[in-house]
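Going in written order, the chains are labelled A, B, C and D, and every chain counts its residues from 1.
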Amino acid sequence: DRPLTLIAGPCQLESLDHARMIAGQMKEACAKYGAQYVFKASYDKANRTSLSGKRGLGVDEGLKVLQTIAKEFDVPVLTDVHTEAQCAVAAEAVDILQIPAFLCRQTDMLLAAGKTGKAVNIKKGQFLAPWDMANVVAKVESTGNKNILLTERGTSFGYNTLVADMRSLPQMAQGGYPVVMDATHSVQQPGGKGGSTGGQREFAPLMARAAVSLGIASVFIETHEDPDNAPSDGPNMIYLDQMPKLIESLMRFDALAKADPIRI
Amino acid sequence: DRPLTLIAGPCQLESLDHARMIAGQMKEACAKYGAQYVFKASYDKANRTSLSGKRGLGVDEGLKVLQTIAKEFDVPVLTDVHTEAQCAVAAEAVDILQIPAFLCRQTDMLLAAGKTGKAVNIKKGQFLAPWDMANVVAKVESTGNKNILLTERGTSFGYNTLVADMRSLPQMAQGGYPVVMDATHSVQQPGGKGGSTGGQREFAPLMARAAVSLGIASVFIETHEDPDNAPSDGPNMIYLDQMPKLIESLMRFDALAKADPIRI
Amino acid sequence: DRPLTLIAGPCQLESLDHARMIAGQMKEACAKYGAQYVFKASYDKANRTSLSGKRGLGVDEGLKVLQTIAKEFDVPVLTDVHTEAQCAVAAEAVDILQIPAFLCRQTDMLLAAGKTGKAVNIKKGQFLAPWDMANVVAKVESTGNKNILLTERGTSFGYNTLVADMRSLPQMAQGGYPVVMDATHSVQQPGGKGGSTGGQREFAPLMARAAVSLGIASVFIETHEDPDNAPSDGPNMIYLDQMPKLIESLMRFDALAKADPIRI
Amino acid sequence: DRPLTLIAGPCQLESLDHARMIAGQMKEACAKYGAQYVFKASYDKANRTSLSGKRGLGVDEGLKVLQTIAKEFDVPVLTDVHTEAQCAVAAEAVDILQIPAFLCRQTDMLLAAGKTGKAVNIKKGQFLAPWDMANVVAKVESTGNKNILLTERGTSFGYNTLVADMRSLPQMAQGGYPVVMDATHSVQQPGGKGGSTGGQREFAPLMARAAVSLGIASVFIETHEDPDNAPSDGPNMIYLDQMPKLIESLMRFDALAKADPIRI
């Protein structure tokens, strides 16, 4: 019933200045329209479609940038981890550890993330049913950590296509944890461009709005000032200059949804 | 940009009095909250999962009931046709002919429906991509009839399950025709109960709201005062006494969506 | 445990001479390698992707051609029906009435087909699970007709794609009726070419072989001397001159499979 | 064109004696029927559905058991790795490193596996199209290691279900590397039992036969003397005492398939 949280940022960290530019604009827009803001960026893209895909700043420099953003802008920061060992390291720099969808069943990493005591955002695997996330959640809960978020980012639907099932949001919410809609990854077309992943950027705002209308806790959006030249996820990221208007719009639907909750 | 139209009624006609009861309550609720209302019911269920499923009043008595409802309540009525020959017959009694999803590629029936000059609501086959509907539309358009509606009612997703892809709504809308979200059939579980089709009634209001938030023209909802004892589609129909509150809620989202259109 | 039956012919009837040419070559090849042969062709394509797709000779001329083929070549003939009324008419000309996949839940047509007393080959809808066919079968059985065949022709798998689930063959066989693998429609890409259906002809022999190795009763293959210029289903039909070698190969796998039955 | 290789063993290592019992029986059966044999077992199950699932002997003891099996029975051994660091360690003990399906896009692990110089068997992710494996292969090839195998183990098909697309085998083979059919994981029902994964053991022999009939290099089968009491994958493992007859049968289909190759 609290206002929507926006988790937003570039797909991967490019430089401190680039991160500042995006964090600054997003924080301002969120403040203007009453959204909570969490800065998101990856220090490493560990599962690019092809070997030639850029991977980012790396863990050392990346985490420094994230810490700087957190301090300078006084915002929580989220990043994704890729191995058990990275959990404790990243936890020193960020507020929310994110488990990538492909890795959401890797027990040791879930336990390591849980043990940091930080919030853990688990993306539902493209190969999992929403109700299967209860078993994933139990792995993190076993560490005593109940600061968990669950994210819908699309489910495999034939080859090279994902579909976002709106039922997934209330189904995952039944465990009592906040549910996040990842509006930009849900419109990916995995492998759709041969050597890289395609996407349907034009549908991302629509996915966000449909999900927000159901009263979810948070929306996750990757954004870039020039998506077509971004080092990753260009086809599905939203143009940075379109974000304020989108946030304004989503907050209207969020207010209506929170005032009129759907119970299932 | 006009207010939402609600297409609602029982899955199948049971009697004139039953139809009156539902039409009356729906018309009143729609009037109260500013929705357009179209009465929907089937005179025949021609493709029941099993032979023992009830099929309805039949074409003669059924069409009489529909005409009576249209006159008594001064509302447009919609019914589905199942053969080429039924199109002209049904067109004398109703305002909108509906092409069932399984039959949406049957050329002769589409042409016959188009030739009646009545509005034609085509349900997207569970086996079709949204963009494939352009070919279906062209069949009806070839008759000179451009009074067409397109309905999303879920797409096959593995066995015994449908998924409603929200992208389908704007994709089908690109042809310029009004798009309808069928909230109750989208949550069917075809064959899910062995000898009959299951459903997840609890998710139907959520499907309706998500779709309405995107600014569609109409929502289609089957409703019954006692779904568990209805002759068909019980598992996914919405309780009649819950409809006024749902309509009120949908109209709020509709107003917001129409004031803030998403362009793709 | 009997040798494989090959159901083969052009997708649609083009002329008597064309039908003769194909029936003659197929009968000869089947005789040479020990397969039973059934000639297949459609007199009407009632559900083409687009209106401009050719539909065939029509019912009157088409059925005459089929009767001529049956007599001249002394082979059983199969054709698909599209309405309840066509069942009795077609039954006078052919040995096997085929229910198209899209229409496999239309109760009246199933009953009409059953009542003819002819064999009824029901294609599993792309939207149905194999076990759902038990309800479909029961509709035909209710007429007293137990001369039924069940055909796998692919299941919806995302958009514009089908997948042939090999489990479907033994699952459908559990009812005791012969099971047919439709090797050429299983590799269709519905709507995959925009205004028409695409296909992956190169995979059809492979689908046939995998299915035959499981010990099925029959394989269904559409074939043409010049598929790329055929009036329908060109992208998935097999070249006529490749059929004898394919039949020879399939019969070897059939012999092995029948000698070594899989029990599930 | 060489005879089929059977990769078989228990899902997870239970003890040296248990591994000996299975390796011995499998080696004998493969020798009798002319198959190559590779012993397979996991030292750790790192992605169990739920936390309470048993994980196996662990890396130290597990690798010792695998080495003992390799020496005592003079057979190649295969095991799956779960982190970058495990690759070099496991490579000292086994002949083939296997990349789990969920992890098949993790670049660092693929590179680490490739750098060991050992053969690398990559399972196609349930979320990937067969042609997407070309990008995965290129990651391993970049290390100079071209000793690669590709395994089909089913693709997501709705919720809690996999489907094995037979087209995947020739499609993955186009890169020139040997293709393996994982007959027992293809019939898993992920999450299908709530807290654990279900399976359809009865269909595994059928999946193996259909794939072998297409002329693949290898079949992967998990087997256990008492699957229902095995610590993991019980619902889909094949009874050990049924394996000799299955191997005998598969070798017949393999001989036929290798003598009559399908070219696509």
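Brief remarks on what is shown
The rule we apply is simple: a residue touches a chain if its C-beta (ideal position, glycine included) is under 8 Å from a C-beta of that chain, and two chains touch if they have at least 3 such contacts.
Keep in mind that this is a model prediction, so the values were computed, not measured.
Listed here as common contacts of chain B and chain C: A, D.
Contact count check for A-B and A-D (C-beta pairs in contact): higher for A-D. Centroids built from CA atoms put chain D at 48 Å from chain B. One inter-chain figure worth recording: chain A and chain B are separated by 36 Å, centre to centre, where each centre is the mean of the chain's CA atoms. The geometric centre of chain A is 33 Å away from that of chain D, both derived from CA atoms.
The set of chain A residues touching two or more other chains comprises 155, 157, 159.
Residues 46-51, 55, 82-84, 102-103, 105-108, 125-132, 135, 138-139, 142, 155-156, 159-160, 190-191, 195 of chain A are the ones touching chain D in the complex. Residue ranges of chain D in contact with chain B, taken from their complex: 157-159, 161. Put simply, chain B touches chain A in their complex at residues 155, 157, 163-167, 170, 187, 200, 202-203, 205-207, 209-214, 249, 252-253, 256, 260, 262, 264.
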